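There are two complexes below, and they share chain A, which is joined by chain B in the first and by chain C in the second.
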Partner chain A sequence: MSDSSSLNASVLPDDAAVLARHKPKGIWRQGCERFLHSRTGMLGLVLVALVVAVAVFGPFLAPFDPHDQSAMLDPGAKAPPSWVHPLGTDRMAYDVASRVIYGAPTALIVGLGAMSIAAFVGVVVGGIAGYRGGLTDEIIMRATDFFLVIPVFVVILAVVRLLSSMVVNTPLESIPYLNLGTIIVLIGIFGWAPIARMTRAEFLRLKNQEFIEAARCIGATTGDILFRHILPNALPSLIVMVALGIGGAILSEAMIGFLGFGDPKAVSWGQLLFFNYESLKVAPWASLAPGAAIFVTVLGFNLLADGLSDAFNPRSGR
Partner chain B sequence: MLEPVRSAAASDPLLTVRNLSKSYPVTRSGLLRKKIVGTIDAVKEVSFSVHAGETLSIVGESGCGKTTTARSILNLVAPTSGEIQYQGRDVVKTFATGGREDALALRRQMQYVFQDPYLSLNPRWSVRQILREPLRIHRRGEPATWDDQIEHLLARVGLPASYADRYPHEFSGGQRQRIGIARALAVEPRLLICDEPVSSLDVSVRAQILNLLADLQDDLGLSYLYISHDLGSVRFLSRRVAVMYLGTIVEIGDVDAIFDRPRHHYTAALLSAIPVPDPTRVATAKGVRGEAPSVTERPRGCPFHTRCPAALPVCRDEMPALVPSDPDHKLACHNPR
Partner chain C sequence: MRLTIYIVRRLLFAFLLMVGVSLIIFFLVNAVGDPIELMMAETPGVSAETIERMKVHYGLDQDPLTRYFIWLGKLLSLDFGTSIIYNQPVGSLIATWGWQTFKIQVPAILIALAIAIFVGTTAARRQHSRTDFAVMSGALLGQSLPAFFLGILLILIFSYTFDVLPSYGAYSTRGYLWGSVVADGLWHMVLPVAMLAFFNTATLTLLMRSNMVDVLKLDFIAAARASGIPERRVVYRHALRVAVIPVLTYLGLLVGLMLGTAPVTETVFTWPGLGYLYVTAIHQLDYPIIMGASMVIAAMLIAATTLTDIAYVLIDPRIRLE
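Entry: the complex of A and B
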């Protein structure tokens, strides 16, 4: 007992010192601090950082060119891991490690590209619906529902197949990564609906709050209110959705690639699975490595989203 | 700047509200579209005026339309009908169809202090950002002088300049309300509309905020439209008071006259409900019978006749007009006390 009281006494001056040094904290800063203390969030951040690092420094890390099939001659196709080929070679004698490394930038471009489109469309559409309300809201939200119920994969596969046969013998054929670009745009276009719903809900919640009315009283313009007051307050929940969506978009692209509809010129993890699943029993490393890469990346973004959600919506439970 | 004028009758009023009404449609969603099945008259034919340097209080129980009245003056709700004039300028028309500069000019004259300081400050903005906003919108001086102005504003409301970089959640309710008042003062208005500025605060800090409002009035010659259900603060702050019941003003006049000798039975009941801080005294509040009728089923005739102890048959059929009973005292009652 006496120990604890002396301990308290020694703590108190420190507390006072802390208070004196008190630095003002905005909600952003507080959120960041909470995020740094959340274990899941930090694990997610580490995983995502790992993927980003691999994507950026890949060309320096990869032992072989992604299109180098020379291993066909020496260890041969489906060779098990060795010092030269740390993850073995696959059915077509590509170096698995190099292919997985070169798959990282593709995955990130798909994730970020698709979610940028989805976030932009979603925020604009949801923002208009939430702020205007009334009939505009009703019409926009029915359109959003329509986009939510469309079987996305069927549409994407159909469009990719149609487009790739349509561009033959046209100037469009020469556009690099046209197929991949199409996939990114389509994932984006079909991914905005949940973001629009979230944005609408946040705008509805915020637009009638008293501090918005206070801004209106002062004479703030609609633009001020939307972009300086409402949007920054809606941003935390939107960032969480976007982080979650990046993982989702990467997974979607992997699925499209696995079904054989990916961009033949791009190196993508889903496509590696598609090329190698038939030899799963003979050369499991060729399928497991890209599978693990997809797993780590998607897990990373989901954990990151989880951590952000805990950090910025601390009252939302658990 | 005009000198604060205490003798109200002598000068032209700053703000004049004439026959202000606000009604909301009651809708029922039908098969295809919403059907309007009736209207709620939140505010009905309200008229009053506020003179330079004076405080007019509006009192009444919850839902009597006092807040709606206050909000329609700054166009936070658009009035259904009626006229609002600020020194001869048509306020309703300026906000509805006038240019932005005209509207801003009006906003520089009238500002609003909100009821709940926990909701009326943007949680993501520091105090500096909150106070900079009106300076930016109204282009008050060079941007380089804004920090000085912010410091000055904070000092005005009794906060140290070091608070400028803190965020609303770090403050107590009273401090937040001071920030809200500072924001309203940033454009140097002549009329502050205070919508229950102390009702969400602890009793211990209420007095501080009320004193601050009184000091600001003395120093700056402000006029207040003070909305409250707290009769003690009304008597402290104001010279004239309007009593509202179910969207109409039932009695308006000099605060001492009304508090000492209420003529309307509703005012009398309201005043008898003031708690007396004397534990030996047995509560004698007569109060009023029953609940206030819902605004959707506003009674015909005098709105108060369903609860009035002195209702006459005529009260049931005929709405009493607000007519002068004494100089500077108006009353809407068929059978006054």
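Entry: the complex of A and C
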């Protein structure tokens, strides 16, 4: 706590003369400045930026097409790393480096897609609970508790598998990436509870503060109060949750893929592990590379969240 | 009195949760279609007559709501039905495989707790020192290291490179280690327990450290020091008692997390536990096991969180019920 209060003092000068010269900085500006000084946060940002860069420039970086199995003829399947195949080839003679690179966009789409759903549902549900209060609040929070204690991962596994067998021999089968879409939606639907809880707490805290009362006095509408006054002030805490959640969603998808329930048509890290895990002893590089990619991505988002929470809630934690 | 009301309310809520979970599980499994037809869609060449006979055999010819209540009634007498793949009662399958899960998760938690208390306290006593920084960085890294990836690394190092520990199963298939079942079982437990313990240690250490940092700043610690009690005793007797409460209550959540991801962590080591049973059942659409195992996992999770909430109120005198 002591380190953050000293930081506070340097960012928030209470000297009247200084205040007169410099416009007071908003929470965003202050947060950004603190974030730039956070070692963990910056490291997280670098790692996340790296993953994003790989996802965006992947097609130009990857030495091979992700579906290219031509290596079967020359170095063969399970070939150790070489100049042509920097991370070796896997069980099916795919180039491991190319597949790992093409797995990055999949991971990011899963993380962002699932968390957009979770954040949207969570903010709406939590916002209603926090702002309305009373019986509405009680009912919604019990429902939230329910989603917090059910074994989410176990349920998702069953649903993914059952849905994939349900679409066999139906027109739905031809929808591209149906399975991946299902996984994203499920992670999102089962992941909103912590965000709803946080939103509710923030709305409860903010709705009785003076500036909200002031806004109400000058005749602001409920919508204005909710979206222009309360929500922006609740955002910093929510962003931390979302950053953590993106890492969690990517990890969930990787675990689903590792167990063999991933989308067979998508290139994903979890699935690479699933395909190559049984040849771990002969071709460890084919399992290590996607595993390391998952680790780096999850670490990046966790560190980013850590840095953000230090930056925006300087008085909490530490 | 208030405490009794709280506990009763908490238990009632846990019961409601279980009913909700049973509804979700039953109707999810059944909403997507008839289990027998789903299984048969993936195994062509079975006559319609056989399918009809199977439906009658498994009682699937009745309407879903009736079947839900029949299923619930049987659950209450701990009858989970018969597995389609193993052709054994699901209850005894869950008991045998569940014991294996218990066998690795409980030691993992105890080891993690012991390490976290010691390391977290040490780091908190030297706040902002190099030790503290190292502990914090290590724990942050460890928190992000997916348990199953750590398992893969452990297998690569200890099973394949040095060939000192087994990489799969709970017992050797050909001859026990030193001819002893106990030794062989323990030998197989080392890597799975290490993986789970590492995963828990990271989170618990961070929690322990931040609690200890806060507690060490409280007045009663200063008073204890001023009255000449040795520092070790102040930290490990006086401060620890207070600082460890949130850590203990966090165990409930951790148990839930470990059980929830058991399908993954047990698959890494082909460990014959509840999670692995669940994964194979899902692959083969063995729906009595899917429903039974997910109900048991959910029940344990809900029990863990409920007990945690109750224990929290019982242990911590600072919490007042309104």
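Convention: the second predicted complex is superposed on the first by the 293 of 318 C-alpha atoms of A that agree within 3 Å, B and C clash if a C-alpha of one lies under 4 Å from a C-alpha of the other, contacts with A are read in each partner's own complex, and residues count from 1 in each chain.
Here, a residue touches a chain if its C-beta (ideal position, glycine included) is under 8 Å from a C-beta of that chain, and two chains touch if they have at least 3 such contacts.
Values in this document were obtained by computation on a predicted structure and should not be read as measured data.
After superposition onto chain A, partners chain B and chain C are found to sit side by side with no clash.
When the two complexes are overlaid on their common chain A, residue A:L231 makes contact with neither chain B nor chain C.
In the superposition on chain A, A:L259 contacts chain C only, with no contact to chain B.
The partner of chain A that touches more of its residues, comparing chain B with chain C, is C.
Residue contacts after overlaying the shared chain place A:R216 against chain B, while chain C stays out of touching range. After the two structures are overlaid on chain A, the closest C-alpha atoms of chain B and chain C sit 8 Å apart.
Within the complex, the chain A residues that touch chain C are 3, 40, 142, 145-146, 149-155, 157-159, 161-163, 165-166, 168-169, 247, 251, 254-255, 258-261, 273, 277, 280-281, 284, 287-288, 291-292, 294-295, 298-299, 302-303, 306, 317-318. Residue ranges on chain C touching chain A, taken from their complex, read 13, 17, 20-21, 24-25, 28-29, 32-33, 38, 41-42, 128, 140-141, 143-146, 148-149, 152-153, 155-156, 160, 210, 256, 259-261, 263-264, 267, 278-279, 282-283, 285, 290, 294, 297-298, 301-302, 305. Residues of chain B that touch chain A in their complex: 74, 76, 100, 103-104, 107, 111-112, 114-116, 119-124, 126, 133-134, 137-138, 165-167, 169-170, 180, 183, 186-187. Taken in their complex, chain A has these residues touching chain B: 24-28, 209-211, 213-221, 224, 229, 232-233.
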